[in-house]
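Paired with subunit B in one complex and with subunit C in the other, subunit A is shared by the two complexes that follow.
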Partner chain A sequence: MNTRRLVALSIMALAAAPLALCGQDARITARFTPVVAAHLNATIDSASSEGLPAEPLVLRALEGQAKGATADQIVAALSRLRDALRTARVALGSTATPTDLMTAAAALQLGMPPSRLTELRQLRGDRGIGAPLTAYLDLTARGVSADRTWDRISDLARRRASDADFGRLTPRDVDHQRDEDWP
Partner chain B sequence: MKVRLLTAAALIAIATVMHAQVRLETGGGEAHFDRLPSSALTSLSGMLDTRLGLAHLELSGIEQDHLAIGNAGAFHAALHATAAPGAWRIEAGPVIDGGRDIGSRFASTYAGDVGIERDIGPVTVGSNLRAGVAQIGAQHSAWQQPALHAGWQVGPFRLDAAWNAIVLRDSTLKANDVLIAGETRPDTLYNHDVRNIQEMSIRGSWGWRPLALNAAVGHRYGLRAIPETWWSAGGALHLTPMISLVAQTGRQESNVLLDLRGGVYTTLGLRLEMPHAHPVHDDADNGQRALILHDAPGLVRLSFLLPVGVQRAVLAGDLTNWEPIALEPGTDGRWSIHLADRPGTWRLNIRTDGADWQPPPGLPSRADEFGRRVGLLVLE
Partner chain C sequence: MHDEFVGDDPLQSVIAALREPVAVEPGLRQRAAGRATRQRRAGVARIAVLALLVLSAVAIVHRPASGTSAVTFTLRAPAGSTVALVGDFTDWRSDRLHLSPSGSGVWQATIRLRPGRYRFAYLVDHRQWRADTVAPTAPDDFGRPTSLLTVNP
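For the complex of A and B:
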């Protein structure tokens, strides 16, 4: 009986091992030591279990590894990104797509208040928030004032502008209107 | 769409008959050519406004040929060092202006300028102080010009208000008969006068593609100054992404420092904006350094202008799973790579000749969490 039980447990263990490995991203296990990979995968798995997208976390870990960051730096970066993703989901609601969450998390990490995410979601209605958020990230990363950018983005959203309208925004459109200078 | 095209064609035809005007714009410069059908006036002007690192360079000039009357022209040059501590923006540097009115001698002014500006919510406030000397024929003037300005942006509306004072101490050479009479002491060679001039202006604009409108009014008054009011109103209608129909009318103020006359003007013309390779950045200092081209299905080609002498360059980013991939050198100093065209905002860096990771030139960047900066690539 003991022998049968031992065999059964062994078979169950062998079957469970691949299942456990399925929860780990191959890119993480390939680039980090087992100990670090386990730590990172724990963070990523916990995010996944909350319904947050795992891909941005994996990519951030890979970025840290490519740049020679320490394990502590990478774990801290993942933790901050996971928090931002959580905040983004609370602000945007449970129906937000992974892409929207990724973009929203990036905006939050650049200092956008969560209330603006909620407002943008309300302004856009059933239209996606990807285009306005992408425009916001692009413009602020170019040094345009975050408040001015938000004013322009929210105004466009209020007017039910198309995604293409957001894509056409340039720093000049936000900073001042070049048409003023004519002739 | 058809109606819009027909309207555009009609307006272009009308504009061409009334007034030939060409204006070329790039990220950092403009060139204008105007010619009225009557040939009464031909003007040629150009403008360059660009940033070179921490320096801000402005160059502009205009030459007007008033047939059978004479020529007039003016130029402006300024080179400012810039800094942005906290929420403030500071500029300081030399400014040179020159000009010649019809039948007059060349006048010039050399000044130093320092300005400070910041945003407070939707409001921009700033101040600057300019001081210099002006030479107009036999008269020279020392002048100071303190100024305040404020702008308020609410959605597509913008309102700007400005005030400045110009305090001039004019020194004019006395007539020869005075000198002949024997008053040759240096302090009696000139007559001195002080003018204290105040100027105020308000400008409003509204822009919502395809239409943009603007209007402004200003007034000048003060001690030993001829009161003057100027105004302008106009708009631009974007007919296509490249072509706009523009109309502007107003009264140009005279130039106190260079003694150039103002006047009434009306212009109706076409503006041609050079297209940006999508989404080439229109920042003057970055405009040509990064190109993002969708020239193959499902792929995006990134092309960067790297410094001369680079032997090897690699790119790593979200779209490569942060695996370094070599950039291919071109014959024009550009280095290119094809990546999967996936909509989103992606992080990436490049490394040249084994140096540290850097944001690709020409792309916006932000601090990463690892003590460096990371470039942001936006794909739509």
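For the complex of A and C:
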């Protein structure tokens, strides 16, 4: 390789370096070893290039690091979350907002079937799925049955309930609904 | 010209001199009018800039409060020496937010958060992870307790 060619390649490499760094999250780079950071950033970059939100993936990686998880555990957690975000986008459509995708991914990770996401989207129309999904997540996290919660949420959505109506739902409301349904 | 002011009266001479039309340099009137217009425009611009500065200062003062809600975190940890609040809102760093003891082993901190859904946990004495006793529990990938907080718009 002659000197002129070597210089040209060096200049090209230097020019490309900032582009490569653009895809790296500084928080990931600061908290992980270079090898692990490169792996995590690759996962996050591929998600971003698909149009998926990167922030929940970054935060999940940081959470794993804070909790002393191994690199393998963190990589596996990120892969699961990325898959959930992908599934959420398929279920909700390409116009879903990053917030909707994040909430929907959380619901999927709790076992909600993707078909219910699609149904909720259709029931809500322009009114967004954020409030009903958040209510679903909070209620199931408090131990209310997922199916019973879904019945209540979808029923309210059919009645064109407001976001505030979903925000007021309590575990008792869901149980009360069951009692009403059962004569 | 000045036919009516004949004579040697000095007062009449001064009056006559004052009444004599002054020869104005061609273009002076236009230049004077232009200068007055420029001064008016500069004045208006100064007032506009001042108004903008005042408005932006008000916006800066109110921005931190607008769109955020105060959230109080409480944990009972009588044996603890330090309690850190760690979560999505701290980028999962344990050195950013600490709860303060409020008596009887209860620790508290109030922070302002934007609407959203957050995962968080408490870290007692830099080693013991604890979930919130009131907030819903989040599924956890890493075998440690995690809580969920929803801040509504």
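By our rule, the second predicted complex is superposed on the first by the 171 of 183 C-alpha atoms of A that agree within 3 Å, B and C clash if a C-alpha of one lies under 4 Å from a C-alpha of the other, contacts with A are read in each partner's own complex, and residues count from 1 in each chain.
Here is the rule we use: a residue touches a chain if its C-beta (ideal position, glycine included) is under 8 Å from a C-beta of that chain, and two chains touch if they have at least 3 such contacts.
This structure is a prediction, so every number in the text was calculated from the model and none was measured.
In the three-chain model built by superposing on subunit A, subunit B clashes with subunit C. Looking at the shared chain after the overlay, A:Leu137 reaches both subunit B and subunit C. Contacts of A:Glu63 after superposition: both subunit B and subunit C are touched.
Of the two partner chains placed by superposition, A:Thr118 touches none, neither subunit B nor subunit C. Contact with neither subunit B nor subunit C is seen for A:Ser48 once the two complexes are overlaid on the shared chain. In the superposition on chain A, A:Pro171 contacts subunit B only, with no contact to subunit C. Residue by residue along subunit A, subunit B and subunit C are tallied for touches, and B comes out ahead.
Where the contact sets of subunit A with subunit B and with subunit C meet, they give residues 27, 59-60, 62-67, 69, 73-74, 76-77, 80, 99, 102-103, 106, 110, 134, 137-138, 141-142, 167. Partner subunit B is touched in their complex by these residues of subunit A: 27, 59-60, 62-67, 69, 73-74, 76-77, 80, 99, 102-103, 106, 110, 130-131, 134, 137-138, 141-143, 145, 147-148, 151-152, 155, 158-159, 163, 165, 167-168, 170-173, 176-177, 179-180, 182-183. Within the complex formed with subunit A, the subunit B residues making contact are 32, 119, 121-122, 153-156, 158, 203, 205, 207-209, 212, 214, 234-236, 246, 248, 265, 267, 269, 271, 279, 281-283, 316-318, 321-324, 343-345, 347, 349, 357, 364-366, 368-372, 374, 376, 378, 380. Considering their complex, residues 86, 88, 91-94, 116-117, 119, 129, 136-139, 141-144, 146, 148, 150, 152 of subunit C touch subunit A. Residues of subunit A that touch subunit C in their complex: 27, 59-60, 62-69, 73-74, 76-77, 80, 99, 102-103, 106, 109-110, 134, 137-138, 141-142, 167.
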